[in-house]
Structure formats: C-alpha cells, structure tokens
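Below, each structure is written out as structure tokens.
In the two complexes below, chain A is the common chain; its partner is chain B in one and chain C in the other.
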Partner chain A sequence: MATLAERRSLEPWQDPKAVPYLRIDRVTKKFGDVYAVDDVSLEIFQGEFFSLLGSSGCGKSTLLRMLAGLEYPSAGRIYIDGVDVTDVPAYSRPVNMMFQSYALFPHMSVEQNVEFGLKQDRMPRRERGERVGEMLDLLKITELRKRRPDQLSGGQRQRVALARSLAKHPKLLLLDEPLGALDKRLRENTQFELVNLQERLGITFVTVTHDQEEAMTMSTRIAVMDAGQIMQVDTPTAIYEFPTCRLVAEFIGSINLFEGKVVATEGNQVLVETRVGRPMRMRAFHPMVLGTPVTVAVRPEKMRLCADFRDDGVNQLKGRVEDIAYLGDVSIYRIRVGDGALVEMTLTNVQPRTEQALTWEQEVAIEWSPTSGVVLTE
Partner chain B sequence: MRRRRWPLLTLLAFGYAFLYVPILLLIIYSFNESRLVTVWTGFSTKWYGELLRNRQLLDAAWLSVRIAAVNATLAVVLGTLAANALVRHRNFRGRTGFELLLTAPLVMPDVIIGLSLLLLFVAMQQTIGWPGGRGFTTITIAHVTFSMAYVAVVVRARLSQMDRSLEEAAMDLGARPLRVYLTITLPLIAPALFSGWLLAFTLSLDDLVIASFVAGPGSTTLPMVIYSSVRMGVSPQINALATIIVAVVTLAVVIAGILMRRGREVR
Partner chain C sequence: MPAPLPSASVRHRRMSRLVNIGIPYLWLGLFFLLPFAIVLQISLAEPALAQPPYTALWQWVDEGLLRIEINLRNFMMVAQDDLYLSALLNSLQVAVICTLLCLLLGYPMAYAIATAPERWRITLLMLIVLPFWTSFLIRVYAWIGILKPNGLLNDALIWLGLIDTPLAILHTQTAVYIGVVYSYLPFMILPLYANLTRLDPSLLEAAADLGCRPMRAFLRVTLPLSMAGIVAGSMLVFIPVVGEFVIPDLLGGPESLMVGKLLWSEFFSNKDWPLASALAILLLALLVVPFVMMQRLQQRMEGSRP
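This part shows the complex of A and B:
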C-alpha cells in the first residue's frame, strides 16, 4: 500500500490538465416518481480506487449499475475514456463488474466461470486457457479450478468472482459491496489485498460500500451520497477531518456538534457562541458574516482533559462523566455538560483500566484547539 | 425416553398402501388366467399375448403416446414463453389479464373446455376449411391449451426464484441477451422444463373428457378405448397394458433420476 505522501504526489484530481478516465455528467435516474440518482456529476481518473459511500437506498448502487450498463440514465451522459457510452448496452462496454452476491454461475466450475467472458470475446482456446490459469494464479485459487460454486466458502467465492471480473483485463472494474459478505477478520485481510491488486494491475476501481471503515482504508477518494445526491467528494483524510456539511460529518465516525452563531471574526478564526457555554474559537476556511448560524464540529479523539480551566477560556467545557465505554485500546467517555448536552471524548488507554483516573460521576474539564475541528454552515 | 416411532410408521405405511396397493393389484391381476378381472384362478401371461394381437388397443395406445409427446413439447415451449413474460416483464399492458387467462384452464371444467373447442373447430372448418376433420391435430391442440398452463406455473416458480444478477453478470461479461438465455437461463431452469414436460405428457395421456369432444372417427385415444370397453366388461388385456405403461414410466423416471445425478457429479 502506498503511503499517504506517495499518494499525494499522484493526485490527478488536483491537476487542472488531467483528463478524467470516467466522466459522469449530470446523470439522473428516476424510478417512477422517485429520484434514485439526482443530477450527479463526477470525474474519476485512471488508476483511482474510488468509493461511493452511503447508507442503503442512497442511490450508490443504481449509479454503479448505470456505469455497468445494467440501467440506463433518465438524463445525463456517461463517458469512459472520452467515449460516450450512455446508450451502449452492458455487453459492449469495456467495463466489468463484481456483484454483491458474486453471481457465480452455479452450473459451471470455477474454471468455466472465469473463462465465460473470454469465450464471449471469441478468444482462441489456447489463449483462453493461459489467461484463466493466470487469473487463478493471481488470486491463488488454482487448486479450486474444478470445483463448483456451491462447494466453495464465502472467501473463495469472492476470489472467484474477482478473477472472473478481471479475466477480460478491463480498464475499469466496478465492485458492488466487494467485502460485504465476508466476516470481519477476512474482510480486513482482503481490503489490503484488494488495494495491492488494484495498484499492481493499474486498473481503475469504482466500489460501492456502506461501510465507512472499508472506504477509508481502501480509497484514493470517497464520494459520500445521500438521497441520490453527492454530498462531498474528497480524499479519506479530508472527508474525515474536514467534512463540509453535517451529514458527512455525522456519517463518518462519531462527532460532537455544537449549534450556534458567529459573533466575531479574528483573522482566519471565528468566534462562535453556542448554547453549551462560553464562546468557541475555531479556524474557518471561508470568510463568514457575523450572525451566520453555524455548527462547530469536533471529533471525540480531538478532545483532551483540561489542566487549567479558566472562566474566560475558549474551547473549554466543564461536565460530569456519565458513561464510559471501554474498548480495550481506547475508552469513550460521555460527558454531560452545562446545558444538558452530551459530549463524547475518546482517550487512549495508556494505563491499564484499573489505574485510570477518570470514573463515573466525576467532574471533568475538557478542551480542544481551534484547528482540531471545523465550522459547518449547513 | 426414546420417542415411539410406530404411530408415524403406521401412518406412512397407510399412505403408501393407499397410493400403491391398487397399482400392485392391477399388476398382479394382469397375470391372472381367468377371464374375470376380479377372480384369481392361476398364473398366466396369455393376456399379454392377446394384447399384442389387439390392433385396436395398440393403435389407441400409440396414438395417445404420440399426442402426449407432441403436446408436452409444444406446451413446454409455449408455457416457458408465457412464464418468461410474467416473471421478466413486470408491468406490460394487460399483464393481469394475461395472467388470469393463462391460469384459467387450471380451474375450468374439462367439459367446458372440450365443448367450446369442439364448437371452435367446427366453426373453423366451415369458414376456413381447417382443420379438415377431427383427430390427431385437434386433440393435440386441445391438450396444449390446458397443459401449457400447468407448464407455465411450474416454470414460473423456478424463474422467479432465479437470481437475476446471474444473467446480469453474463451480460456484463459480454454475452448478448440470446446467448445469456441459452447459456445461463435455460440450463438453470432445465429441471423445471423437464418436470413440466413430464407433467404435460401425463395430463395428455390421462385425458378422457376433452379428447372425447374433439376426437373424430378413427382417432380413438387409449383412455377412450379403456372407458368404452369397461362399460362392456373389462378385459384383463387392459390390466396387461396398464402394467406395461407403469413399467415404462417407472423406467423413465429411474433413468431420468440417474442422468440428473450423474450430471450433477460430472460438473
């Protein structure tokens, strides 16, 4: 897996001259009166591992199916490698898909499943055999070649499905919840394997997932979708650290939200008055007008215990520990503050649990710095 | 405490007896020497010999088998098409009506089907001159009209259970719709087609009422012959014939079972 720094150097979406490999241009899909996908535009570049993230029914799967040609858009165009494929049927598109259910043909062996796509292309028998061998090798399933799908475990099926969708050497691979049917341990291993595979083959991956952790680990970029629309498109880091709206902030991880309004601006910082206590001073990325209703968003792990609580301090809160969730590596504390709101704070368990200072009903003061959260305007 | 099993076993025994003792009796009495079907006098195979010399009965049996085979094949083709339309095209105009009309023959009394078809055939013969006379063709058409409904029900159940993403996957891998149907859909619904065919075959072989209406002189099916001969007193030849049919059917089912099992293992 490439490090973050390496990835940074190849961020084509920041290069104005880069040509997208896949371009979705104002695509809408209506089922009856319902907008499954509502005016979505996206540019995805060669070699990306792009994730569509959202809860079920947000339109992510419909969007993916339109890319595969299994649904046709009600409006808008789709371009792959500069070619308008909007009206091209699934069987003529240079795209392959891995289905959520894997959709392995139950009446064919593993080998025949992988070979199926090659046969449709009328590839000569010899070449076909070589390609199948190569794919089975790549996914380490050569010894399963004669088995039928009902004789395979979940993880093995996932590999066969992947081998089958890669067999035709597509430039663009679509994956619908690729890890959804696997158990947690297998999932974590497979995540890394999938990323390795993608980087080795240089194929552009577009995946659909409802699992934020999965999207965070694997993707170059994530598009968060809700109600058929795209809420934010960005790198995993940016999505997590700098969400642009409440919905994205709340969807990824947990977050503390304080509603209030802007009472002063100082350079690139704003002072926000909220219901929970004294003003909060936060960094703002856009100039803001006084009186704007905003939400201050701070993640639980950005909170820390406050040693010198001052009555005129900013970004400080006092409260009482109400709940402790011990997760082993970290503990989550829920603290009831001034006006009755609950604030979450995560602390790493540096000391064994039994020797920790914080306990139920204890009075604590917490604080955070102006750069460890964002100010949301919507 | 171990659960007592004999009540269940008794029930099972009664069930099987109810189903198969009559057939067993029929087979035993086919080897009866007596001219009377109900009185056992001694073992003999003479009725089988007489059967082979009875042209009327053999002709009727052959006709029935031919009609049943053609009927089953046509019914599978038409019934599968209808099932496809119902499962795959969820909202075409007149879908509800189509569904109703397709399944109507399942509940329609045979007498009504027979009579209405007879009227139709007569009217057609008078206006367009086809079908010229009644016989093989008219009986087959009549049988297809109701047995395709049964096939459609069987195939439809199988089709609607099938995972649609299998066909989508095939299409995604480059197979055109017709190829998808031939290489993915058909193999997967084959068991339903097979049982549909057998069902249609049996229904046709069985039918007395409808065939009586639409048959013409010189085209008498097996059930018609048996029925009319029963009225004059059953000849043990019928028993012999029935035994042969049971044997053939049993053999066919066993062979089909073996083939299907082997097919599964080879794959």
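This part shows the complex of A and C:
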C-alpha cells in the first residue's frame, strides 16, 4: 500500500492543499447562440496527463483552443501557474500546442520547423542549434532534419510536430487528437512513447481525444465531455468502473443497463426492481430514497455463467444465446433475456473456441455480484 | 518467337494518346508557330511599295537558281535608333512599376477577400470581376472623362478646395499608370485570391502558438506560401502591359511612347511591315526571358521536394 504522502504526490487532485497548475474557472464559449463550452471548471496539476474525452462537437477542442489562446472565452477565467491568462494572446502564452493536422510549415525543413518557435524568442544561434539537435534526438528524427513535410510519412510528421511543440520547453503542452492521423499499429506504439516522454520531461499534458482506449491508456485523469459540459472527471479506472451517469457509462466501453426503481435498502446495498426479472442487489455509494428511479449498470466482463440458478436468487438472469462474436482472446455473447432485452457478456476463451459448450440458441443462466456494477441515478 | 501483335485495345490506347498529345501541338503549331514564322519572315524582308508591302524572301531568278535575300537592316535599325530602344525601355518601366503597384494594391484586396466570411466572398469576387461586363475600350474612354482638365477628378478636387487650377493628368505618364493599374488589377487579384484561400489557417495558428506576432507570421508564413500566386499574378500583368497599346494611345501623351504604340504606327502609318515585325520579334524575345526564368525558378522549387 502506498502511503498517503506518496499517493498525494501521484494523485495531487486528492490533496486538498495541492495548488493546480492550470485552473479553468467557469469558462463558457458561445458561437452565436450555440454554447460550445458551457460553464466548465477544471483543475489540472503539474505533471498530469489529462485527457478531454468526448464525441465530436462536444466542445473539447474549443476548450483546448481557449487554453492555447486561439479562442477567447465568452465568460470565465483561465489561470496558468496562478497567472490569469484569459486575455493573453496566443503568441504570449507559456503553452504550446500540437495541432491535429500537425500544421507543419510546408516551406520549411524539419529543422526549420522545430527551430521556428526558438527564433521567435530570439534565442542565440548556437543555443538554438543545440536545442533543435536535442529535440530531433529525443524524437529520433535526426536523419530527417533536411526534409520537407511533404517528404515525410504520417508518423514522421507527428514526431516533427511534437518536436516543434516541445522545442520551447513549455510547462504545459496541449495536444489536439495527437494520434488521430496515425494507423492503429503505429498509434499503439506511440501511445506508450508519448507517456514515457511526458513522464521523462515532467511536462503537464492536456490532450483532446475522441478515442476512449487512447484516453484510458495514457491519462492520469479523464474529463468526459458532452454538449459543452463536463460529465465526470476521474482516473481512467474510476471512469470505467464507477461512472456517475448513464452517458459516461455508455460512452466508455460497453455496458448493460437495467432501468428500475429502488425497493429496499440493506446497509450500503440497495435492492432494485427492474423489468427483466427478479430484483438486483447492488452496492450503492450514497444513500437512496425508496422508489427512486435508477439504472443498474454492469459491464459485460463482470457477467459470468451461473451454475446454480435459483428462482429466488438476485443478480441472476436466464436467457438464450443469440449472437456470438469471437474476438480471439475473448468472445462476446449477446443473450436475449426475460422481457426481450439483450444482455452482453464477455468470456475469456480459456479453452479453444471449438471446445466450448456455449453455442447459439442455447439456454444459459448468468449472474454477477453486487460489487460488480453501479447504480446510476441520472 | 515472333513478337505478339499489339492487341486492338493497345492500338486504341496508342491512338488516343497520340490524339491527346497531338491536339495541343496542332493548336500551337497553327495559331502560334505558323504566325510567328510569317512575322519572322516579314521581319527579314525589305519594305516595298506593293501588295503586300514587303519583298519576298526568296524568288526563282532563273531555271534552277533560287535567290534568297535576308535583310537584317530592320533589326539593326531597331538596335541603332534611340526611339525604339527608349520605347522598349519605357514599356518595361511602365510594366514593372504597374506590376508592383498592382501587387501592392491587389495583395491586401486578395487577402481581405480570402479571409472574409464565406458568405461574402462570392459577392466581393463578383465586384472584382464586374468591370469585365463592360468593354475594355469603353472603360478606358471613361477614364478620359475622369482625368481630363474639367473632368470628374479635377472638379471634385476643386470643389473640395484642395486645388485651384485643374491638374494636368490626362495625356501624361501618370494617366497611363492609372489606366493600366485599373485595367490589370483583377488579373493580379484573382490568382492571388486562389492561392490565399488554399492557405491552411492552422499554419498561422501554429505560428502564433510558437510565439510569432501576426505581422511576423504574415512575413514568415503567409508571404512565402503565396509566392506562386504572386509570380502568376505578376506574369499576368507584366506580359500584356509591356505590349499594351490602347491605354497609352488614349490616356498617354507624347512622352509616354510605348512599344505597342510604336508598333502600331510603324505598321499602319508608315506601312513599314518589316520594321514592325522586327520590333514584334524583339519584344517577344524580351518577354520570353522572364518567363523562362520563372519556369526555372518553379522547377527548382519543385525539385527540392520531389
């Protein structure tokens, strides 16, 4: 077990005395009548790898652009390292951004692209050369230094863009869909590299992504956004295991949702009556009033085959296998239960697929434990 | 083993390729090379009181005896007489200055249109192209009405109290500059606009993000990336202005002798076709130089990024 002090240095957001490096205070951005970002407040700490996650049009990019100074908020303030930068233009802000399109200058070589920001700071020539060399080295693109952007592959461009945005040694780096333009294989490798780089340099990263897997792998914390608002801010584990609303639960991974209402409370557990069958007994994190409409949310991999199906058992369902998706390591089973709802269950393929008993049209009983899911009120 | 005969489809493809390449060459040959050869031939002849008013380049004198006479005196005349040289230099001067003026005026206009809200752009472009609805000649005549001593401009300036006596603008070099810049400005704006709309706005954002102020970002990013548009626009203005005839004829004065006007008077007033042809050949040669230079430049720019 980590001590409290260790935990606090790893998870500064748990420490009430920690001072955030970046503070977004009730920021709103309107385009005409549309609220792109609607009253968002966030605190991001030094050394974090923070992800803004959401589907396109949720306002995550607009929020990032406001941090860079490329858009100005309609209301609210932004503080970086305690300084109010809300009205500071992009060219005077101590942040750098890696653009989704990379935005490399097509008329300049790799070297000149990386050097561009340093020139604006009037850094002496020798120092500039050293810094450029250091950056090219860091991203392993030294042999590309004389090439122009249109002579580079997608992955190489991504590295150049990253080198350029890191060249000024910013304390805060903004990344707009940093891996969006890469193919899947390259993306997975680059994810780890990006995290290593971030840890090595100790820079605070704020990234925007629509890819939940990407956000889960890389981030210290994730803010899930929808319609300009933040739905939940938490660690990847908490976001996945303990979503606080249906929207977050459904956005990350797949999940089974059972609507119902609270019929009894027993200690920290509640009994929920749903339309699919007998009551479900689930752990609740806060007290709930009887009769509250709730949704029981259980992830497919938390479901298991039930050996002793009892007519009075809780958290048990009976159904018929309708679809099987074989993914190699796991298989996804879609099971039609009581009232016609489809329940998804993931099982690890411990045995080769051909040896498994579970097949189409088979009657199965499934179950889960009270701590395997959450009860959502919104 | 005998080589297989080309199949019908291969032959068909060869035919269509021949036609594809052939048509432009045929066009060039018919409407550029042939007229050029005729003009070149006339430039090497002697003027004569005949129909056509020049001697033949070759004639059969006797059975089996062909006499070819090549007369280089026209070119010598053009090279030796200051009149032609000064007309040529004057034309170049007018073209250079007008190209620069068009660039200075046209760049901000093209930039403004390219960065204007989408719904305005078509309207603004229409306003640039609108003058073409009226005949070029009529628009140049209209400038006479504006620039003459008791014309619109002078009346307005006197009414405003800025001047007491009318300015003599009409029939001066200044009038030529005004007329040329007015007439050729759209040819500068349109290619520049086409170039600037293609500029990725995120490049300027990246420049700002890296600490570059707007003016510097313009000089370091926008300007170098719009070079192709600047070159295209400048060529479209420079080349026709060197040979411009109507504007200096209607708006210019005696001191603004341009080569186009000289050509016209040699051809129609003096009926000296050979001399006029020699002048035309020299003018063409003079214009080919910057064109080839530009192409070299473009090739080098493309060569650096294959």
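Note that in this section the second predicted complex is superposed on the first by the 369 of 378 C-alpha atoms of A that agree within 3 Å, B and C clash if a C-alpha of one lies under 4 Å from a C-alpha of the other, contacts with A are read in each partner's own complex, and residues count from 1 in each chain.
Simple rule for what comes next: contacts are C-beta pairs under 8 Å (C-beta built on N, C-alpha and C of every residue); 3 or more make two chains touch, one makes a residue touch a chain.
All of these numbers come straight from a predicted model, not from anything done at the bench.
Colleague: Looking at the combined model built on chain A, do chain B and chain C fit side by side or clash?
Modeller: clash
Colleague: Answer with first, second, both or neither: which of chain B and chain C does A:151 touch in the superposed model?
Modeller: Only chain C is touched by A:151; chain B is not.
Colleague: Is A:328 touching the first partner chain B, the second partner chain C, both, or neither of them?
Modeller: neither
Colleague: For A:32, decide between first (touching chain B), second (touching chain C), both and neither.
Modeller: neither
Colleague: Between chain B (first) and chain C (second), which does A:287 come into contact with in this model arrangement: first, second, both, or neither?
Modeller: neither
Colleague: A:124 contacts which: chain B (first), chain C (second), both, neither?
Modeller: After superposing on A, A:124 lies clear of both chain B and chain C.
Colleague: State which residues of chain A lie in both footprints, the one left by chain B and the one left by chain C.
Modeller: On chain A, the overlap between the chain B and chain C contacts is residues 68-70, 89-92, 95-97, 99, 101, 103, 105-107, 116-117, 120-121, 148, 164-165, 168.
Colleague: Which of the residues in chain A come into contact with chain C in the complex?
Modeller: Residues of chain A touching chain C: 68-70, 89-92, 95-97, 99, 101, 103-107, 116-117, 120-121, 148, 150-151, 164-165, 168.
Colleague: Help me check something: in the complex, which residues belonging to chain B touch chain A?
Modeller: Residues in contact with chain A: 163, 165-166, 168-176, 179, 183-184, 187-188, 267.
Colleague: Contact residues on chain A for chain B in the complex?
Modeller: Against chain B, the touching part of chain A is residues 68-70, 89-92, 95-97, 99-101, 103, 105-109, 116-117, 120-121, 148, 164-165, 168.
Colleague: Tell me, which parts of chain C touch chain A in their complex?
Modeller: 200, 202-203, 205-214, 216, 220-221, 224-225, 304-306
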